[in-house]
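These notes concern the structure reproduced below.
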Amino acid sequence: MNSAKVDEQTLYQAATGWLKSAVDILLGAGVEVIAPIETDPGVVELAAVNSSEAVALDYVNARLPLKRLLFPVTEVLLEYEKQSDGDVDVKSEPAASPKDVVVIGARPCDVAALEALDKVFHWDYDDVHYSGRREGTTLITFACTKPGPQCFCTSVGGSPHNSAQSDVLVFLEDDGRALLQVCSDKGAKFVDQLGDVAKPAPAGSKLPAPPEVKARFEPEKVKQWLDESFEDDFWADVSLKCLGCGACSYLCPTCHCFDIVDEANWHSGQRRRNWDCCSHPMFTKHASGHNPRPDQASRCRQRVMHKFKYFPERFGQIACVGCGRCTRACCVGQNLVSILTDIETRAKGGANCDA
Amino acid sequence: MSTNTAITEPLQRAAAELLSEGKVAVVIGYGMDGDSSFSPPLFAREPQEAERLVFDDRCFGNLSVYLSKDHIRRMGKIGIVVKGCDLRAVNVLLREHVVKREDVVLIGVPCAGQGDPLLGKCSVCEQRNPQGCDIVVGDPVEQPQIDAAQRYSEAADIDAKSIEERWEFWSGQLSKCIRCYACRNVCPLCYCKRCITEKTVPQWIETSAHLRGNIAWNVARAFHLTGRCVNCGECERACPMDIPLGAINQKMAQLMDERYDFQSGLSSEDKAPFTTFNVDDPETGIL
Amino acid sequence: MIQQASDSTDNSKWQPRIVAFLCNWCSYAGADLAGMSRFAYPAAIKIVRLPCSGRVDPMFIIKSFEQGADLVLVSGCHPGDCHYTSGNYHARRKLLAFRELMTFLGIDPRRFKISWVSAAEGAKWSSLVKEITAEVIALGPFENYSKLRAGGIAE
Amino acid sequence: MIKLTIDGQQVEVEPGRTILDAAKLAGREIPTLCHHPAVPPAGACRICVVEIVAGGRPGLVPSCAYPAQDGMEIQTCSERVLQSRRMTLQLLLARSPGSEVIQEMAAEHGIKEIPFPKQTGESGDDCIMCGLCVRLCQQIVGASAICFDGRGPDRKVSTPYADRSDVCLGCGACAFVCPTGAIDPAEYCPNPIEKIPNEFNCGLDSRTPIHLPFPQAVPNKPLIDRENCIRFKTGGCGACADICPAGAINYDMTDEFVEEDVGAIIVATGYEIMDPSVYEEYGYGRYPDVVTSLEFERMVSASGPSNGELTRLSNGKPPKSIVFLQCIGSRREKNGKPYCSKICCMYTAKHTILYKHKVHDGQAFVFFMDVRAGGKNYDQFVRRVVKEKQATYLRGRVSKVYARGDKLMVRGADTLSGTQIEIAAEMVVLAPALVPSSGIRDLSQKLRVGYDEHGFLLEAHPKLRPVDTNTAGVFLAGACHSPKDIPESVAQAGAAASKALGLICHTRLSREPTIGIVDESSCNGCFECEGVCAYGAIGPRELTDKKGNLLATVAFINEGLCQGCGACAATCRSKSIEVQGYRDDQLFAAINAIHR
């Protein structure tokens, strides 16, 4: 994921005003355009836009991660209705709309997170709802220029210029121009659509150097310790202040757990899939009343273990992209990075955690 | 940010003393965290850990939420640092038998307000000096006289809207809700062993994050806190979607204040307005 | 639900739906008396019998709206006359507070009525139902909620 | 005991008793004037003299004051005694020639002429100067409002300086004991003397503070009206306790709350009649001869205020014509009661007959709307009244009753003949609407029994459970439920008694199962449910593990006390209380079913 290795053939240069043109062209072609807009003061969210005017360019990251566009907070899996003859008519919701979607302006970490989601949703069963949307989505990522204080992408194999899963990675320049690095066929198609707006970059064009995000820990060391520390007292200490509020999971770009519920009345209903969270006691509670993860310690452990041990074991990658949302959202100051650096210290034979 | 040494030092001493004398098993207070933009909760279980306790103007959290948590209660007797506003929540917990007075040592801290600029709730705070604590560290701070009309200014902004504007406003705000229940989990008074949303037979509240379910959830939450909520604002602080939940709670608190002359948590003896009645309570609007 | 959703959008077919939660001893008996006394009243009202108005949880009202009620009525004994001594006094506090909460959230408070109807007030019951039915017809379908019926997250 | 002989008859009396007491025991009558059993004797009038012939110092002594002594021999009618009495009576007659009591007594003693000049005018009145009233006022009432004033011929009973007395209570005891009726406390009392109206007789006569509430009262015992009793007002008097031979009077008794645990309650609080003075057109309250049917009932009763003699209240003469007006306030939508009072048709028919018994040559008229005589033999009874011309029945309403001379003009319509009628009556009797007893609302709220707009208590079902109420164990009998006549009330009372017995004769209570239950696994133990429970049915229950360690304190509902109102269920935030029969899932299903 080093920007220096980019094939110069795929690099385009876009003139000032390219964004407006791009949005207009896409909208004109009937494509749904998603871009960062300021929804609340100081808050940026990825949402459908009607023009380029509302697009926010100066932001650390969107409040909700990109995943919500492909794996919504709630979605209908099927509908059913009782017929007058007593039979029940079941209608599966069609796989996500065939409409093409172009997401302009997601951050590299959010986009890279889709790799983890792709693996989960295509693992032993192809999730048509997810993959339908995924196929129709083109991702025009904006490289990071000013990472936030909680960002730690470089610790988990990412970078502010990570192009993983992006179709085009855009390097915005201060004067409104941009370098567009095409990363996939979809990306090439997008650049084609832009026509004159984007021209191949002159040979020898250099990508800007990525801003510094300090690496804080080594995931391999963390995993080493995790492999041996399921029963460690560390979990009880580190989870003392955790209220299990779930904000970290809900905002996480790679968390993908869901709950399936039926919402029905006397004659008809819907089966829905909703985001869920392993920090909640109900997440693992059995109908019998037994809860295999009975306390916050075991739930906190699950969250760390899943991201840094189980997921790598199953899919060969860490389920964390270092976006820092969990730390920003936590109202009791639970800091994933400090938990992981603590673990690393322990792995190296050190001690004491910061509870 | 400025550490209040006039409080921090005696606080550390008092906590160390309680711990070393074995009077409490843990002191829940605020600690310094270099990375955080506020002073997060800290659990001191050994006398030397008390040195890490601080009190400053970034102690936003209402620590009384931990009083109902099983993993904290299992430690034994709890010493807890409370600001005057937090004490109101403790009073409700005492009234509702969640915690027994003898199982907790209240370490009161005078507080001239949190945040810079001052949080809205702090600028109208009427409990700057906690009353009825076991220990109070530091000197009392000046308590400005607060006009009753100022108490509920957040609600007033929305009250000024027309009914259609309010629907517009709230349907927009509540549409954002992702049903993470952070508001519930940080609320000191949402201690139910089983939340109403978790009861599935019947499922009164749809758990899907659509506006219909979100309204049901937020109405239930607000109603269950009516006459109980002490307006600590933790729900709003925790909400990852920045929904102005505090305004709803404030509106209901205002109603209880105006109708039944009741402010929650001023004492642990008061009866909650929904557990009592007056024969001549107002009944405007009943056919 | 699919069928229902299309019903509610077709105003020509729209018939108001009123859900009434009645206490067993006064209002339900009052409605019964209206029947026995042959006082006619609109059939738009559908009654759920409860032991006491104090049994009403605001979730009943919200659920009724979710299920398509255009108006919800809670009716109990007159103050002082509660079969259970004080249930209606508790209900009075809770339900009036609930209406304030609705109002604050922009959920039209005219869609939620509270009344006291005694077991002897068959005529009052009949005229009350006529009155609120006329009012709900004038208000039209409860758009706030009928739009939410199909569900779905607002993007 | 003291043994003595009176007119040859042996009697035994307790020490301290007088000769008069002994004579009474012996059955000998001795006339008295200044004597009253409650007042210490003075021997002032000397009418009661008797002769001691042996066993004491022989001679004439006043029997009311002279103590009986062992071995005394007394003559009550010896010539010496009679001579003395005659002389006394002659002197009294000279002083009070106008007194009927003295005249009668003198006549009994054969006195026709007296050798003394009779006093007339101011110097002669009915007062015989016996001083009984003065002694009473001083020693019994304790007021000392009156005394003797002046000397010789000017001596009289008066107040100090002959002013109105500040201390006179106006109790009237002086007038009550005065043998000749000579004293009028109104002359002394600073306040007007108010008679205590006799409630049972609708205030048509008066009663004393100690009185029987009504004839055949159960228990048939007198009671003291504390408001008016001198003893309670001043601490004086106590005459009734002095006199009562059974010693039954105890002024320390007070009203008390009596608590009984009962298994059933029968409400039989009856009815009152509405005040017809609200209808000015009938003149009730304005003309004394316009009376209610209840007043009429008392007036013709042998135990009533006039001992059964029917007289006009205006002039004391029997009414030669009488008009009965039906449906006063009943069956009247505006300013009245829309219901039929049910009993008036029948009692009015009876009243016409009673009227004819009292005034044989009188003429009775009845204005009626309909004659509602539904009941066994009722219609025959009314027809008999009409046929036997006991009364003239006129179908129509009366628009006005007004006075002309000493008659009451009753103007009304006879709708059968279509004519206006005006009757000059001497008495008008109104049949007012029946209303429930006052205080019925308080009672019904205490018993948690419903009532209608008029205050009549509600039955559980008008057809199927007419005796039960919606509150288990409370039953209705009589007019508290609706206007009823005697047979109906008796029938309902019998039914209510049977229902009550049916309930309490079992050793186990069976009841509706619709009560609250607690889900102990999710109960938070906040006990807000306890706060809203009107029955105190909720309390704490400690959950322990097998070793006895306390796990949680949760709410517990006593199923014998819970009535199933569900206030707790609505208050429980964690939904840990359900009311069986009205469970959340059942109500959820009901709400869903409405929208199918």
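Letters A, B, C and D mark the chains in the order given here, with residues in each chain numbered from 1 onward.
Throughout what follows, a contact is a pair of C-beta atoms (placed from the backbone, for glycine too) under 8 Å apart; a residue touches a chain by one contact, two chains touch by 3 or more.
Quick caveat, the model's predicted, so the values are computed rather than measured.
With chains reduced to the mean position of their C-alpha atoms, the one farthest from chain B is D. The chain occupying the central position, as judged from C-alpha centroids, is C. Chain pairs B-D and B-C differ in how many C-beta pairs they share in contact, with the greater number at B-C.
Work out the mean CA point of chain B and of chain D, and you get 65 Å between them.
Rounded to whole angstrom, the centroid-to-centroid distance between chain A and chain C, based on C-alpha atoms, equals 45 Å. Averaged C-alpha coordinates put the centre of chain B at 34 Å from the centre of chain C.
In this assembly, the C-alpha centroid of chain A lies 91 Å from the C-alpha centroid of chain D. Shared contact sites, meaning residues of chain D that touch two or more other chains, fall at 521, 532, 571, 584, 588-589, 592, 595. Shown for chain A are the residues in touch with two or more other chains, namely 73-74, 263, 265, 267, 272. Across the assembly, chain B contributes 196, 204, 206, 208-210, 213, 274 as residues in contact with two or more other chains. For chain D in complex with chain C, the residues that touch the partner chain are 444-445, 448, 450-453, 458, 462, 470-471, 514, 532, 534-535, 563-567, 569-571, 579, 582, 584, 587-588, 590-592, 594-595. Considering their complex, residues 265-267, 289 of chain A touch chain D. Every residue of chain D that touches chain B in the complex is listed here, in rising order: 521-528, 531-532, 553, 571, 573-576, 584-585, 588-589.
The touching residues of chain B, counted against chain C in their complex, run 155, 158-159, 161, 163-172, 175, 196, 204-206, 208-213, 215-216, 218-220, 222-223, 226, 248, 251-252, 255-256, 259-260, 273-274, 277-279, 281-287. Contact residues on chain A toward chain B in their complex (touch as defined above): 40, 43, 63-64, 73-74, 149-150, 236, 239-241, 243-247, 249-251, 259, 261, 263, 272, 274-275, 277, 280, 282, 295-297, 327, 329, 331-335, 337-338, 354-355.
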